[in-house]
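Read from first to last, the chains carry the letters A, B and C; within each, the first residue is number 1.
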Amino acid sequence: MSTAGTSPNRAVAVLRYLAPKIVQFVFVIWATYTVTFLLIHLLPGDPLLAALSVKGGDATTTDPAELEILRAQYGLDGSLWEQYWGHLAQALQGDLGVSIATGQNVGDMIARALPNTAAVAILALLLGVVSSVIVTYFAYVTRWAWVRNTLLQIPPLGVAIPAFLSGLVLVSVFAFGLDLFPSSGSRSPLSIVLPAVTLALPVGAIFFQVFSAAVLEAMASPYVFTATAKGLSPRTIFLKHVLRNSLLPSITILGLLIGYLAGGTAVVETVFSRDGIGRLTVDAVLSRDSNVIQGIIIVVALVYSAVNLLVDLSYGVIDPRTRATLSGRSVARAKDEAAVEL
Amino acid sequence: MRWAAPVAAVAAVSVLAACSSTPAETDAALESSKDTIVFAIKEDPTCLDPQLTSLTTSLNIGRQVVDSLVDQDPETGEIVPWLAESFETNDDLSSFTFTLRDDVTFSDDTPLTSEVVKANLDSLIALGRTAPLASQFLAGYVGTDIVDDLNFTVNFSAPNAPFLQGASTMTLGLVSLATTAETAEVRCTTGPIGSGSFVYDSYTPNDSVVIVKREGYGWPSELREHTGDALVSTIEFPVITENSVRTGGLESGEFDIIQDLPYIDEARFTSDDFNLYAKANTGVPNSLIPNTTRPIVSDDAVRKAMLLGTDREEINLLTGSASGQPATSALTSSTSGFTSQADAMAYDPDAAEELLDDAGWELGSDGIREKDGQKLTVSVTAFYAQDVLEATQIQLKKIGIDLQITMVTSGDFFGAVASGDYDFLAAGLTRSDPDALRVLFSTASSAKWGIVDNAELESILVEQAGTADADARQDLIDDAQKIIIDEAYLVPLLETTQLHASTSAVQGVTFDSASRIQLYDVRASE
Amino acid sequence: MRLLRQPGIVLSALVILLTVAVMLWPTLFATHDPYEGVAVDRLQGPNGTYLFGTDHLGRDLYSRVVYGAFLSLASAGTAVLVGVVVGAVVGLLSGFVGGRVDFVIMRFVDVLIAVPSILLALIVVASLGFGPWAVALGVGLGAAGSFTRIMRSQVVRVRNEEYVEAARTLGVRWPSILFSHILPNSARPVIAYAALELGTAILAVSALSFLGFGAQPPEPEWGALVSAGRDFVSTAWWLSVIPGIVILVIVLAVNRLARAIGENR
């Protein structure tokens, strides 16, 4: 297999590699949208009543004749087929519709909530990854076994602690007790710290498991043996060799982590009274607000698939071996194995 | 003496000036050391237009932005002038004539005229179901006759006893002509243009609402403490859904006022550093509301036993506010027209058990009664106040009744109401008028929750809504309460109290007659 | 038996054994009726009579935690079972049949994994009504995607092994190969992952319970206990913290043992 080739050959190869991935990308998003549409519309419960009761409180009307009039008003009539295509057509033009429960534009709602969630998620990812690398580093270079063993016990704790517990404790201690951080909302920039720390615990722990396993494997490899024989310090070995080779398999779980963050935000946003995608989702499912649910699904599926696409592409960049074959199968195998090792 | 007249004139003018400066002196005494008040609310208001929502949180904010034709003294129930400087009704309460003040303008500088009021009422009727509470106040609306810019008459096809009370609420608060032409969606998301002492500045859903004072405001009702502009320039309402975060924020000083202090935390804020604001909700207390077409629920003995087997004092102790009263009738003690039925519903578990024994319900081995192989199990559907139901469940278990609690979302709750698929509902109905009983039980009501079959009760409830004479109406309402409790068509559990708290520096927070908040006089002192 | 030398593993095993015992025989361990409240004793901190203190209705928290064990853990266990069974069946089918069927199935698995598991669980729960078993189903379906992938990759791997080819040439039929080669070889990674997923499932179930989708009151499911206690964080912290720590300890133990299984079997 020749890796070097003339530019047009390389370009064609890249395209051959990319094309199915992009098709897959589109398919996943469309399928997710369709499956969700079906699920939501098969839900029992009347979305109209749910939406009305949010505003109406104990004065909500339940007279069937009146409800029919309103149903027509909100476009909740028509066959399932009509609703499906109508909504899809709109979505393709960028219009995600109007929320039945709040009357706001769905696109606006998501655009407002997404930065809040993203800020917390990105900070959590950063904190988690950085602290895992640091803990692994010290575990690796230390001479004392007991330090290594103690350090290695910390991350499993991060996975096991329920986010709602850590969130509540953090709020009590750091917001109300020590008054260091705001307890809620998104008015102050500092308000992302406590929620991010809450999420960083499990995220960092999951990342640690994969990363440290990769480091362990690298430690046992022949080139590290050679490097140690050459007299290089553990620190240099770690920073120059082990780190880069361990990051590769760790990147494969980035997609998994995004999925986890998407789920974890619901709890965190509830505890910290923040506006965000998680809260939006919970509220939307509770009020059968189909337009909002589908809007969120599309956005989340987009983000998830985009991340996976980038991860797949970056395989080619980071690992020359995969680049040579540019084979989708080997990449998928690597991902499967990473999932199993977890 | 040539200078006598000028001196007299000067003297006269000085006296007049002295008289008219008295309110100014009162104004001077009231000022706020803080320019911005932070009022943490417990949920997103979802709709900024008080005409179109009945969520208490939205109404509390909307009250500051729209004014009403009349105001109601929360202590005496007396209706007093506000935007209408005088009003009168005909003998059978089917026709109401108002005379407006001549100096009221909306925040878009348009004046308040009869045209505007007519547009308000007409558009509310047109909106119909999207404005459910308003529709109930305007039942039988025929139209508004305009006499001139400041005089008009509102006509109904049948007597409408609760109308004036409704006119004092923010549900019939007046919005500008331009607002009446907007769609309901726009009115909810951008907020109405009102004539109130504040105007909407921003609304970030799930995050906060901000209102700023209206420059040049000058028409508060006589129930307020001052005249002129509001005393603070901004009120922020951050949305804080977590109870512990709201209370923690009050303690730390992050919030000046918080809405809905959980009763459990009341003890923390009774010191001098904080003010507590408690007002019992008017209307029907939080109760078990039956569907008597269902088996077991249809058994009179079961319902009466449930009534006697619930210890309302204990429920109030465990889950209610320290300042609240145990429920003692089908109406709450703060509702006009309330008459205590305490004797008929005093806690008597022995009598309850006797009723059940006599009806053939025998105690089973698991502590639950049964009859003909059927267990005495009933279900209750609710979307809030879970702890009240849990306390009730424990009490009813002691007399052998198995109460199954089904907590659902508000959407599913109304779904159950619509389909009639429930044994009991648990909720309160907050209205300032005893007409709430008709709304709850009458077969013609659009929000009927209590499904009962009693011709006498039905006719009484319909009659009271059209009775102009106050005493006659009171007699009818007394009868209604007696029947409802005697037949156990309701198992009252708790009188819900609106409980809010603020730092001790905050003054001027008052409740209106429907237990919603007035912030016109709010101020902070250092 | 090298395993027994590690204190972490021994401790974890003991915790698991104790938990299973509590799950199956709560009456042995509880000190009070978990549903009865003594009003005058409400909101007490942990003491001699009430080991974990009492809640706002005067109910003993310790007994409620004991009775909640079955609800919380059984639904988590069910979730994993659902995930394994669905994943195994679909993964086997996909890997075995191969070709276009495999391709289509795996694309749907991609979709399943793309939908955030909490959203999937929420939708399932909203359709079937709130309650611990609906939550279990929802969480299980969310996990099924990963199990499918694992099962399928194992099937594909084994199917291409030389000894299987050899068996085929000898005339051994597929069902026999399935049971004597493919399933046993797939068992190891599936069981290892299942053990890990149990910890995740416990957390997911209690999180959904915390958000209000789990068991109805007065059932003392652990997530619901933490949720009910969060109004009292400043005044009666034990109501949220203690059940939360119980969840933490059990998940730790489960994960520790899961890793041991994964490494040693």
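Quick note on the criterion: a contact is a pair of C-beta atoms (placed from the backbone, for glycine too) under 8 Å apart; a residue touches a chain by one contact, two chains touch by 3 or more.
Keep in mind that what you see is a predicted model, and the values were worked out from it rather than measured.
J.: Could you compare the number of C-beta pairs in contact for B-C with that for A-B and name the larger?
T.: So, comparing the two chain pairs, more contacts are at A-B.
J.: Would you mind checking which chain's C-alpha centre is most distant from the centre of chain A?
T.: B
J.: Just the number, please: Cα centre separation of chain A and chain C in whole Å.
T.: Computed value for the inter-centroid distance: 21 Å.
J.: Centre to centre, by mean C-alpha position, how many angstrom separate chain A and chain B?
T.: 43
J.: Can you list the chain A residues in contact with two or more other chains?
T.: 45, 168, 171, 176, 270-271, 286, 288, in rising order.
J.: Residues of chain C that contact two or more other chains, please.
T.: Counting only residues that touch two or more other chains, chain C contributes 230, 233-234.
J.: Chain B: which residues touch two or more other chains?
T.: Residue numbers touching two or more other chains: 242, 244, 248, 251.
J.: Sort out for me which residues of chain A touch chain C in the complex.
T.: Touching chain C: residues 24, 27-28, 31-32, 35-36, 39-40, 42-45, 153, 156-157, 159-165, 168-169, 171-172, 176, 259, 262-263, 266-267, 270-271, 278, 281-282, 285-286, 288, 293, 296-297, 300-301, 304-305, 333, 336-337, 339-340, 342 of chain A.
J.: Under the stated contact criterion, what part of chain C meets chain B in this complex?
T.: By the definition above, chain C touches chain B via 35-37, 39, 42-43, 56-58, 130, 212, 216-218, 230-235.
J.: Residue numbers of chain B touching chain C in their complex, please.
T.: These residues of chain B touch chain C: 242-244, 247-248, 251, 262, 264-265, 268, 314, 317-319, 386-387, 389-391, 393-394, 397, 404-408.
J.: Okay, in this complex, where on chain A does chain B touch?
T.: 45-47, 49-64, 66-67, 69-70, 98, 101-104, 109, 112-113, 168, 171, 175-176, 179, 182-187, 270-273, 275, 279-280, 286-288
J.: Which stretch or stretches of chain C touch chain A in the complex?
T.: 8, 107-108, 110-111, 113-119, 122-123, 126-127, 146, 149-150, 153, 189, 192-193, 196, 199, 203-204, 206-207, 210-211, 223, 226-227, 230, 233-234, 237, 240-241, 244-245, 247-249, 251-252, 255-256
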